[in-house]
Amino acid sequence: MRYWLQRLGVAVALLLAVSALTFGAMNLLGDPLFNILGPTSASTLPEDLEIIEAAKAEYNLDDPLPVRYVKWGSAFVTGDFGVQFSVDGQPPVSDLIKERLPRTVMLLIIAQTMAVLIAIPWALFAASRADKAVDKVSTVTSFLFIAIPNFGLAVILKYLFSLKWSIFPLIFNAADPFWTRVWQLVLPAMALALPVASVYQRLLRTDLITTLQEDYILTARSKGVSKRNVLFKHALRPSLFSFITIFGINTGALLGGSLIVEQIFIVPGLGTAIVEAILREDFPVVLAIVMIVTTAFVVINVLVDLLYSLIDPRVRAS
Amino acid sequence: MNKNDIIQSDRRIESGEPLLELIDLKTHFKTERGLVRAVDGVTLSLKRGESLGVVGESGSGKTVLSRSIMGLLPSTAVKHGSVKFAGQDIVGFSAKQMRHLWGAEMSMVFQNPLNSLNPLMKIGKQITEPLKLHLGMDKATATATALQLLRDVRIPEPERRLNQLPHELSGGMRQRVMIAIALACGPTLLFADEPTTALDVTVQAQILDLIGEQRRDRNMSVILVTHDLGVVAGHTDQIAVMYGGKLVEHAPTKTLFANMKMPYTKSLMRSIPKLSDPSHTRLATIPGRPPDLVNPPLGCNFAPRCMYALPKCHVEEPPLTPTADPKHVYACWYPVGSPEFEKRDAELQATGYMPEDFSAVS
Amino acid sequence: MSDATAQANADGAASKRRLGVGFWIAVFWLFIVFFAATFAPWLPFKDPDNNYIVSGERPPYAPSGTHPFGTDQDARDLLARTVFGARVSLTVGLVAIGMGMLFGGFMGIMAGYFRGWWDRVISFVFIIFLSFPALVLAILITALLERSLRTISITLGILSIAPVGRIARATTISFADREFVLAARTLGAKNGRIIIRELLPNVLIPMSALALLGMAVAVVAEGGLAFLGLSVEKGPTWGKVILTGAGSRDLQKAPWIAIIPIIVLFLTVLALNFAGDRIRAYFDVRETAL
Amino acid sequence: MAGTGKAHLRDGDKVLSIEDLVVEFKVGRDSTVKAVSGISFDVLRGETLGIVGESGCGKSTTGRAIMQIPPPTSGSIIFEGAELTEMTSSAVREARTRVQMIFQDPVSSLNPRRSVRDSVLEPLEIWKRGTKEERNKLVDEILESVGIDPARAAESKPHQFSGGQCQRISVARALVLDPTLIICDEPVSALDVSVQAQVLNLLEDLKEKFGLTLVFIAHDLAVVKNISDRVAVMYLGKLCEVASSDDLYARPAHPYTNVLLDSIPEPDPEADHSVGKIVGEPPSPISPPSGCRFHPRCAYATDICTRQEPQLRPMGDGHFVACHHPVETPVEIR
Amino acid sequence: GGGSSDSTPDETPDATEAPDATEAPDATEAPDADAAPANTADAAIEIDETDVVEEDSGPVAGGTLRYGLEADVNGINPATSSLSSPGLMMGNAVYDTLAAYTPDGQWVPYLAESFTPSDDFSQWTVKVREGISFHDGTPLNAEALQINFETQRADPLVGLAVKPFFPAENATELIDDLTIQYNLSEPNAQFPGTVSGQLGMIASPTWLAAALVDPNLNQAPVGTGPFVFESRSQDSTTKFVRNDNWWGGEVYLDAIEFIPVTDPDTRNDLLLNGDLDALQTTNAASVGDLQAEDGIQNIIDENGEESFAMINTEVPPFDDVRAREALAQATPLKNYRDLIGLGISRGADQSFVPESKYYNPDVVQQGDNPERALELVAEYCAEKGSDINTVLGETTTCTDGKINIELQWSGPAVVQTRIADLLNEGWKNAGFNVTYDEKPQDEHILETAIGFYNVVTWRQFGATDPSSDNVWLMCRTIGGISLNWPRSCDESRDALLLEAQASEDDATRVALYQELQQKINDDFIYIFLTHTTWDNAFAANVRGVCDRLAPDGEATQCATSGRTWFSSVYFAA
């Protein structure tokens, strides 16, 4: 219990730090007034000055930075993420998030699922034949996938699967029915998943090989357990730890990858949104997305911890 | 091989034929450095109910020997010679064929009880696994049997243990569980590879007693692998001494301790501090390090470190020679008791068995 | 020694002690790339910015004797652009990982050696950086500041601090518990000496293997930034050169524009990854003796 | 047993004197491991004190407490007349040069990335002893005396040596600063018997040659007996019995000592191995048993053992035991 | 369509920048957008008939048209959003304009029943048709027009294009329920043309008022048009469904989905794959491909904007005409036209295509003359080399005999970068030392508007009627925020512009505009590069794109600056 409280404390501190950093950076390096008003912010006409004054008052721009941060933060925790500066009419950021988040979440879920479904059997296969020819081929393959930059892979996949062979659709269309949209996300997810699967595979393979050298594997074999059952029942579970850790950490990295993949596959998700928002210095959007991502990161890593203790009761004990 | 063969061979065992027979067993590993001759020609036999101690320094091939018999070797290993188990040559058996023997006919207890139990699997499951596998028991029967096994190895509160994980048990208890697993299907041959090295002395005594007791109760053969002459002394019927992958001396326990023939065995014996000796008693040492198994020395493996070695030892490999007692064999040109040995020993006595030059050791 | 480890060591010893042909091929490739990049202005490459238009023929021109890698849509020589692009990509990689090693390594060792509050604070800083998706941070900085080589190198440098630092910390911790460190303390060595003489050599090797991987990551990250239009403004970089030909139209009609630089990038990243992996394995001294 | 008391402390030229040493480690928020709970002993100049006991009984912790890593929770450690626990950290650093330690794992006690000669030279460099030539000469001499070829040491890393050789190098490193006291924490447990003998012999030789005082920690009573003049038996953070090594073997008074002795497998097939039996598992040092800490596993335990902690009392001939029911009747006090 | 902020013939907005040329330029463009009574515009509109399949039996109802746009928009409120081509396209679905153009460039009434000018063209009386109501049920009347006008004028950005041409007071008068009078500051014979684009799109006043309070409503437009807004997902699909009660008659399509696809290649691929039924593009390569493709119908329009490099005449060094000329002479015009225009977008010397009646054959864009450029640079530097180029900070205009300038453009976009590199390649070899400054589009527009630049790449001009482009050229639009981006004021030029605007006579106007072109050319304000080629491409089964009729029966223009209309569109059965 205490442990979880402590985790919570760290999580909160982390969110505060991340938000303060982002908030500070955006306000110091950017020009919020311009981002709210656009060209009008530079106007010297009297009627425009009024608008400028009004905007300054509305967005507390005359307050010192810390005060603004606190105001932003206290609104944020009540679910008021502010308005989008760069969109006409300044609709609430929460609208954007509501629309985009599910797409990105779906993309990441498909990607992670694919990665795991590819990586685990692959690793089991490679580890059970460690250092044989097949394993070497698999190692080379995984190296290739790790070394190919995600933008390169995305471009190649799109070219082959969408353009050349027309297996997957070229574009995400928000107006299509749910399952069609899911289908539209499969190829982008694949671009994210393949390198990640390779990373998972290599990690899991190494751990499996280590595990397979443990005495208890020998025990299992000397009991007469078949090779397959040794792999699945005895070796897999104890080998999952670094895999799970990386799985948690990778969620952040995957989101980074989705910035580019969403761009290439034209998926209007959080990745596209944040790139756009950053370019236009749409602070509330950037902040909201950064906070969501960080929170997700924290939550996932807590889940990973939970998963740990599920997999390994020894952790629960301590 | 199938189950029937084994049952058939049971008759032969009772008829006094050896349960296990090794004839010139060699196990070599292919590595980039070259061929590692981890076990290099071992001939032995063991009757049902007997216990054999295998001793030797680290790296002498004890573990590889027992795993060669079990067929639990990595793929880089190459075996020659023959291993007859219950009359059947199992040297060429595939892992699939061996699976019927593992657990059921021969099983193993490992050195490190911390590692040899699956850390994430409940004790109960680990014990019932082979029962279901080999004896086809259903869950309830298997659990009942497991309970009985835990009682047999004297684990307190066995019911509770079934649902515990290894880390919740102490080292000694884990080793007992290991033994219970090994005994589960009533094997005829048990390998115990340094079963007590990681344990405290007090616990060690308990475990060794337990193994001995189970051996008698079950009329099982035991091969006890250890580097501790003290351990084999009190718990085996015969002893095989290994050096550099070779069997260098083999005798019934009492015979061996009474009449060590190999200078190596003798030096090993002398290097152990004994409680009965007064404090500050000078210990004998064996200079140098064990032979490189890729390029073993010419002649006797032990010659380079042997304080009694004569030129012949460096050229010609001594064969296994029986003594007056045909059960006692050794491989040495100038065994303890031979005139050459005695002469040299007298010289050494004067120097307190210290090798003259330490740097020769490095 | 338990039998399992004995065996593992014996198994591993065989393949571990040699770097292998693959490693040397990787090093050879890296050497070529680094050499060409470093001395590009003095080597007989074409002008990477010039438009080598052949009158009457519309670029892009396919690879040929005059343009071994072909040209892009503006008839610029892709070999020259790839080589000059390497200057940027490799600078970014080197600066990034240099910063990572310097700051991350320092912080990681401090955290791992002193533990306690040092550790808590530094680890927290690392977590902050790790919980941002790196690319988001990179875009944030490059979008808000000028997009010069310096900004981008430093940005990616900042990003490599946390990952390198974490490894440094973990390695330090694993060594700080070893008895030789304890021995150094019992001999009266002060903290500074222990860190420099005892820990650093041990931490540095895993870190330098990581450095190669980190360089690979930075080189790819530059490409990612280029894909978002946020790489260095002026002059070719690998990412920008690839992006020029990455449209589906050019991929079909003039695939060499994107594919050749992608292959160069890919091979370089592969070589860095591979060399890093080999070095790590090579120096992974598991104490074998006994 | 869980004995306290100081009856066994002696007068004389004491190199080290420890009184009421307590070391506790916080684990988690509200539990402490009571690793060492108030032990006292002393070591005379030129003497070898052996400390034996089961795994986890606090042997290493005691050894490290002497080096002040970590400093003990309470108690006094007087080394050559000076109280270590009250020294400034630089004074402790200075004092450490005269107390040295050798560890159990020979390989991990040496820096894997430095040549072993470097490791041996290191202490001299730290303390800037002598000129460069003098330092080199000294190191070479000491390496020779532990049987390591200095030339090879200069170019080799630890993993190129065997365990026994590494342990000898550790000994050389401990020796270069010319210490008074060396604490050996299970220096031979990881070695093969043949190599173990080499190291034990070496220690005996060096002790004579350099006039050392040793504290020798081990779990193997036979080894301890071989090298020690006096042996202290520990159980769960307390002392059970202190005696000269021959005396301890001849007439072990504490039930635990008896069990220990009986458990040792003698390399003699005729030996009787059926006597000492111990029951149960060692209790947790987080919540040690009341009274005599050995009582839950003791065949002789009575009511008093659960309530009252026995004090060390003399059994004659410098033999002390902390037990309410010693196996041999102790000499009546006064 | 007039000035997009975009500099190039290619897809302006770049990959990351979804909404296009947002701000000022569009808004401003709209008012005068398309008013030419007698423009030969037509000459440059070409319908690629070859691919049109056999005429079928006639319009049938049904089907959803998926239209690929070059960018998404920020909002679809004609009174407050600066609508770029994609925005205007969506507007065409949901709004009707007061006037429309015929294929030969004449304005005709559309939502308005009639336009009646005063004698001097300084007052226009507009009467709207009776019995029309907005999608929300609000009736269309004169007051609705007035509210639309005032909302436009009050908007800080859209207002920029309105205010310079109307008096502050009494700009409109309500005559009766359906009639309103507009009072202009100066005579304008082309007034109805100005209400055929964004400024003529009439939105529901109820909705306009609500949108002022809740600006989110800008995303959900309400007009009188043939389609009713249904849903919008930013950067993805905006959907409109058929208005079954459209005043103009039967509408065939069930729905239209507008899908922004910023990458021109992908947009093409989607059309060819059948994921889209139509698209707009200006990318020369794409246009070429689409024309080569069988089964695709193309509507090509070269009348639109021109691409050029635009020079800020206020800040040294370009306050000196020699420096400007040097830059022009240094410009690799041929390379640009070959490599970027690909022979698809033709080279431009002025803002009129050769087919236009206003075209001045004597005006030739200077360029490709580095020797001349170097001479001028030397001359300039000798004299004014120590002036300060404030755009570059405290840098002098010349160092080492080279002029230091900054090139700014809107990015990120691949083609934009290629263009910058290409221009730089010419400039740097002819005495210029160029600093790059790539800016996100809105910042780019802002810095251009406030005059914080040396030279930018830009795209603008080409209104159906040239008078609609006045706003870019007149002295009165210079200010804190200038729509006269180059900040080049010439009273005599203004006089020409006003005279042309007030005249209905073709010959007079031709002469005036030709003189104007010569003036601009002499001043080296713009370095004209190419004429933009707009292509609206349709799948083979899309019909009726050019069949839209005005209520009074005239045929209407079928595409302008990349946008088309939808009321007559249907899918072949």
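Note that the chains take the letters A, B, C, D and E in the order they are written out, and that residue 1 is the start of every chain.
We take it that a contact is a pair of C-beta atoms (placed from the backbone, for glycine too) under 8 Å apart; a residue touches a chain by one contact, two chains touch by 3 or more.
Predicted, not measured: the structure shown is a model, and the values here were computed from it.
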| item | value |
| --- | --- |
| Third chains touching both chain D and chain A | B, C |
| Most distant chain from chain D by Cα centroid | E |
| Distance from the mean Cα position of chain E to that of chain B, given in whole angstrom | 91 |
| Geometric centre distance via CA averages, chain E-chain C, whole Å | 46 |
| For chain A paired with chain B, centre-to-centre distance based on mean C-alpha positions, whole Å | 54 |
| Whole-Å gap separating chain B and chain C, where each centre is the average of the chain's CA atoms | 51 |
| Residue numbers of chain E (touch at least two other chains) | 15-16, 263, 266, 269, 412, 440 |
| Touching two or more other chains - residues of chain B | 58, 110-112, 115 |
| Per-residue overlap in chain C, given as positions that touch at least 2 other chains | 2-4, 7, 15, 143, 228, 248, 290 |
| Chain B - residues contacting chain D, complex | 57-58, 170, 172-173, 200-202, 204-206, 208-209, 227-231, 233-235, 253-254, 257, 267-269, 271-287, 289, 354, 358-359, 361-362 |
| Contacting residues of chain D [partner chain B, same complex] | 54-55, 144, 146-149, 152, 161-162, 164-165, 192-198, 200-201, 204, 219-223, 225-229, 244-246, 249, 259-271, 273, 276-278, 281-282 |
| Of chain A, residues touching chain B in the complex | 132, 214-216, 218-227, 233-234, 237-238, 311-314, 317 |
| Residues of chain A defined as touching chain C within the complex | 10, 13-14, 17-18, 21-22, 25-26, 29-30, 131, 143-144, 146-152, 155, 158-159, 163, 213-215, 218, 249, 252-253, 255-257, 259-260, 263-264, 274-275, 278-279, 281, 286, 289-290, 293-294, 297-298 |
| Residues of chain D touching chain C in the complex | 67, 69, 93-94, 96-97, 99-101, 103-105, 107-114, 119, 122-123, 126-127, 157-163, 166, 170, 173, 177, 190 |
